[in-house]
Amino acid sequence: MRILIVNPNTTVSMTEKAAEAARAVAGHGTEIIAATSKSGPASIEGHYDGAVAVPGLLMEIRDGEAAGADAAVIACFDDTGLEAARALADIPVVGLCETAVMTAALVAQRFTVVTTLERSRILIENLVRHYGMGARAKVRAADIPVLELEDEGSGALHKLMREIERALQDDGAEAIVLGCAGMADLARSLQREYGVPVIDGVAAAVKQAEALVAQGLRTSKRSSYAAPLPKIYTGAMSAFAPRPS
Amino acid sequence: MRILIVNPNTTVSMTEKAAEAARAVAGHGTEIIAATSKSGPASIEGHYDGAVAVPGLLMEIRDGEAAGADAAVIACFDDTGLEAARALADIPVVGLCETAVMTAALVAQRFTVVTTLERSRILIENLVRHYGMGARAKVRAADIPVLELEDEGSGALHKLMREIERALQDDGAEAIVLGCAGMADLARSLQREYGVPVIDGVAAAVKQAEALVAQGLRTSKRSSYAAPLPKIYTGAMSAFAPRPS
Amino acid sequence: MRILIVNPNTTVSMTEKAAEAARAVAGHGTEIIAATSKSGPASIEGHYDGAVAVPGLLMEIRDGEAAGADAAVIACFDDTGLEAARALADIPVVGLCETAVMTAALVAQRFTVVTTLERSRILIENLVRHYGMGARAKVRAADIPVLELEDEGSGALHKLMREIERALQDDGAEAIVLGCAGMADLARSLQREYGVPVIDGVAAAVKQAEALVAQGLRTSKRSSYAAPLPKIYTGAMSAFAPRPS
Amino acid sequence: MRILIVNPNTTVSMTEKAAEAARAVAGHGTEIIAATSKSGPASIEGHYDGAVAVPGLLMEIRDGEAAGADAAVIACFDDTGLEAARALADIPVVGLCETAVMTAALVAQRFTVVTTLERSRILIENLVRHYGMGARAKVRAADIPVLELEDEGSGALHKLMREIERALQDDGAEAIVLGCAGMADLARSLQREYGVPVIDGVAAAVKQAEALVAQGLRTSKRSSYAAPLPKIYTGAMSAFAPRPS
Amino acid sequence: MRILIVNPNTTVSMTEKAAEAARAVAGHGTEIIAATSKSGPASIEGHYDGAVAVPGLLMEIRDGEAAGADAAVIACFDDTGLEAARALADIPVVGLCETAVMTAALVAQRFTVVTTLERSRILIENLVRHYGMGARAKVRAADIPVLELEDEGSGALHKLMREIERALQDDGAEAIVLGCAGMADLARSLQREYGVPVIDGVAAAVKQAEALVAQGLRTSKRSSYAAPLPKIYTGAMSAFAPRPS
Amino acid sequence: MRILIVNPNTTVSMTEKAAEAARAVAGHGTEIIAATSKSGPASIEGHYDGAVAVPGLLMEIRDGEAAGADAAVIACFDDTGLEAARALADIPVVGLCETAVMTAALVAQRFTVVTTLERSRILIENLVRHYGMGARAKVRAADIPVLELEDEGSGALHKLMREIERALQDDGAEAIVLGCAGMADLARSLQREYGVPVIDGVAAAVKQAEALVAQGLRTSKRSSYAAPLPKIYTGAMSAFAPRPS
């Protein structure tokens, strides 16, 4: 089984970290294929970065599927481009936020997502609500620029821990969800530190991708995620025109 | 006051129809500037088309703001790219779905949105819920490809009317929202036909854009829609890199 | 176009302030006609005042419509009598709370309404939820009797500003809605002070009333707001008996 | 214990029917005092009638409390004036809709309210949602003018039964709530006919009023239902000015 | 009328306290029959205790009904076994949490439930939401083991009062619900102390049980609570096999 | 990795079918251990059966954990006893309904659960809502007694297919969830038949159990699922007394 992990941030070190987290949980016989978007922002921080990252992401999904991937993971906690990718691909595609909150819901009644910047907090809060977890999950921002997570000396870990402690103290959180793909390497040590489940979205998503493949499930092509209709695409985006099937 | 209407579908006849609908309701002293995206799908039908249309749309928003627009309307009922556009622009930006359902809520307790294709129905249902109108509005699809709305002989009007009749009969709808920018020219005659308010999103959005400008309101730059941070954008999307302010 | 603004508080200075706020945003060609209820409480503070204010309010709506108004605004943030007025009138009628939260939702993801007394706070919280904004808006009371807003030396502005600061600090508010018609004159200066959108309900409602008229939209008379049926009205309220149409 | 039942419809035969239903369920030692509003519509059908009925209703609540009632019931399924009455009175006040749906929820998971006219249907649907029962209850209208319920030969019973049958068949209703005070005399026979619980709001409300008195509970005067503040009331409504306590 | 109160905690002193609270509010002619479960935990603290208490509880419901009870109350605030008891019995069965929050909703817009241990807090929060009161009620835990409520010198009352004060101060609570059957004796004095309604679940449930009987209402046997089907029950639980009717 | 599957129905053929479905999707290196409850109903149909099945289920969870299971699945779509099992066990425990609807949500926007009897329909509808999927999923009953699923000649498959067809036609379902453990063997062929994803809860739950173990996640013992406190358990249930840790 081949699971494609696409990093829609164009920063390669983040892809490597995600791939490592993926391989640490992948089942026997699962091959992790990691791809970095070739076009878009170095890091996704807020709605604008997220939207502009989508074409590069979709290209990697398309190419990865053509190269034989069985399922794909979008390695950004904002789940950017997830619905478009599901419409595009025949293989199943999963996001980090959706799979992380699902996973948290299996081990805790109440939990808190700790993300990076304030500008992402409400975006994720809206996602969490859309996924049906609004009554169970809170979202906090630790005031960490995404790329600081790539830099050990940045103090990012300290800020993250302070926010986790607030979640445990003030939110009554029973588990913590790490709200950024760039935090994937921290889950295990934070779980040991705090004695509550700490969920990393990359790991959660990889296991869901595997689960779907094992169950023989693919995205429904009935209604919401029907394949794009053949039509004229103009200008810079003409490379994205759906091909007649 | 200059209101920019951006059609993220690359079909010019649709832009013209929207501009006409806009001018029909615009206040004295409002200039309507209509722009058609130069890059993306001829029509937006579903999640994939919607995502790929965003870069072309954002380019028009950026250029229109630079050219002096006071507010912008995204002329697609899926409200595609709305949040990214709000983060990008300093001027206010509004969508058709959000403003149409708000407007409907001022004249009716229960209403039905009639859109084009089944693949757009649930997308819009999710939007309607996100806008807080899930308990008041139903969404129906009339099985009309978007571009058929540009073709008078296509039978599209007949299909649309049949679905409006079902909404009145079966949903207890007190008003109808036309769920596609391409239906903008039909609102008045359908309203006369059925004797209930019929809301066109283009008209609704133009009036909201005017209203925001008149009140001196702009998108809050605190948190969700903060301006994109300066950073490296790679590849085909490097043209979208935010400029340091 | 003539927009009728009815103040259901019987305090004339409040009406004048609302009329001024209305005229400041009204479009070219819009005439603002302000009316003060002749019967009811000097200020509306809580459910009882609100209910008793309704007959006086309805009388003004009826007379204003007969005198040729094209739309009406109920100038009280509790939206008291709004549904009855919609059933009574053929012209569209809008409320301050409903239009202010709608307007806020176009420029911010999360916002806080700051109202006067604690007794109005939950009333407004319930309204906000009914309008579908419960997940996006918080409501705070600044402990200001309504009529203190008419008195510059009362310290009301200071209390209001303290509560706005708490909303920004503790609620993560991206915009502020002023939750009383009597605050209409403060919106612009508070917006300058805090650098976030500050929405005044009177201005918001006037622009919505104009927007409905421009779009040719009237309250649906199908179901919820059907015209009152002719029937016997007894006693003091017999003046309110619907006339056969 | 004295329970005051106020009929805000000015039709005396309806009051008598409600009083009879009340006495049929009242506990040993409970005296039922029935009052008919002296001012307002003969029957309450929709938002306008409901609003105009409130002053007459409040007058009866005030007089009944002064005369020694221990609790009050507002005998109209729209719960019109309920919040104002709670603010006014020191004794507890309950409504028919709120107590009927609560009672239904104790004997069934899903139930349907059958009311009179379509114009009341959505009004009640909104109430049911406000009371937290939106996910458990449906609302249907049987197309019966309220006063037809006073006329045995009107065919009203036949229409009501047809709608109950649809509720059982199509809604999966496990119980039926009669959605008009004027149906109070029909509950027992309909329950026998259909073999499911049939709840009459008058009976439900009387038992809740008794229950509150027996528990020594009165409306909280903290916040929402604080006593009206002393202030000037102008014009026809000056009789309603709160007296300083 | 005979109301059966079953204490699913096996601690007899708690049953006695509940019976006393029940008798204090019971109507003239109501006989309170109190039964203590013969099998299960001494106190119910959390999901595990609650589940294991159910068989003992069901046995008492069955025996009590056979002995002629007209309605039953499950005297545990977690409403454990409530749905199973409703399916089993022909007589109506009510729970403490459901009836207490309903009762609170008749005298206050916002209220707080104060329960014992943190492990019960979210359990009750989920119940409250299931009963449709999620938007009106908060839940707090006072960190009191259930059996400490049986011991006057334990300091439990002090902890409870501190939490009530926080509810009034921080939650804007207008009423307090005591979230444990073992607090039944404290309601009246706490109500005097704080001047807001204080609701005890035992009293609330008894009055609801009486109300259902007086109205001639029983649990609907249509769908959710249909009588258990005759079938083989194996092992230790074979005593619970439904008997063919 | 050893995954324990506990069938709380005491029917062994159903356990075998579930074990087969589990093995068909289990990862390389996962051992499936299937256990049948020794005490309780032959099939779980409704609230009463579900409650009485819990002690037998908990015994198997306890014994399975002691024997070295790494995670447990409760093989009943009602998720009976799930919260109690989570409090009891240190290993993660998952239910069929919760994992099946989560899985469906990864491949479809809207889906329908098809269960057996009407009496289970609303029970599952409430579960689905509790899991946050109320807006995305409908629930239908195919009128099939559970044990008919064990009997090929019973016509159960025909009834199930008819209801799936209604879900596709009338609900706009994009995927189907089989709402009973006894349907586990039908998923693949029904998926082929209808061309939409068909999710079996047993398979979904096994993959989630594996996923949790692979991620090193266990049920949070903070708050909701804290281990049962040591205390006296009386009578027949004394075998369930928590042992001091």
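Think of it as A, B, C, D, E and F in the order they're written, each chain with its own count starting at 1.
Quick note on the criterion: a contact is a pair of C-beta atoms (placed from the backbone, for glycine too) under 8 Å apart; a residue touches a chain by one contact, two chains touch by 3 or more.
Since we're looking at a predicted model, the values are computed, not measured.
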Same-interface partner of D-E, chosen from the options B-C, A-B or A-C, over half of the pairs matching: B-C
Between chain C and chain D, centroid-to-centroid distance (C-alpha), Å: 29
Chain D and chain F, separation of their C-alpha mean positions in angstrom: 43
In chain F, residues with contacts to at least two other chains: 109-110, 118, 121-122, 126, 134-135, 172, 223-225
Pairwise chain contacts under the document criterion: A-B, A-C, A-E, A-F, B-C, B-D, B-F, C-D, C-E, D-E, D-F, E-F
Chain E - residues contacting chain D, complex: 25, 27-29, 92, 94, 98-99, 102-103, 105-110, 131-136, 168, 172-175, 188, 191, 195-197, 199-200, 203-204, 207-208, 210-212, 214-220, 222-225
Interfacial residue positions of chain C with respect to chain E in the complex: 118, 121-122, 126, 129, 134
Chain B residues touching chain D - in the complex, by the definition given at the top: 109-110, 135, 172
Residue ranges of chain D touching chain C (in the complex, touch as defined): 10, 37-43, 45-56, 58, 81, 83-84, 86-88, 118-119, 121-123, 126, 130, 145, 223-226, 228-229, 231-238, 240-242
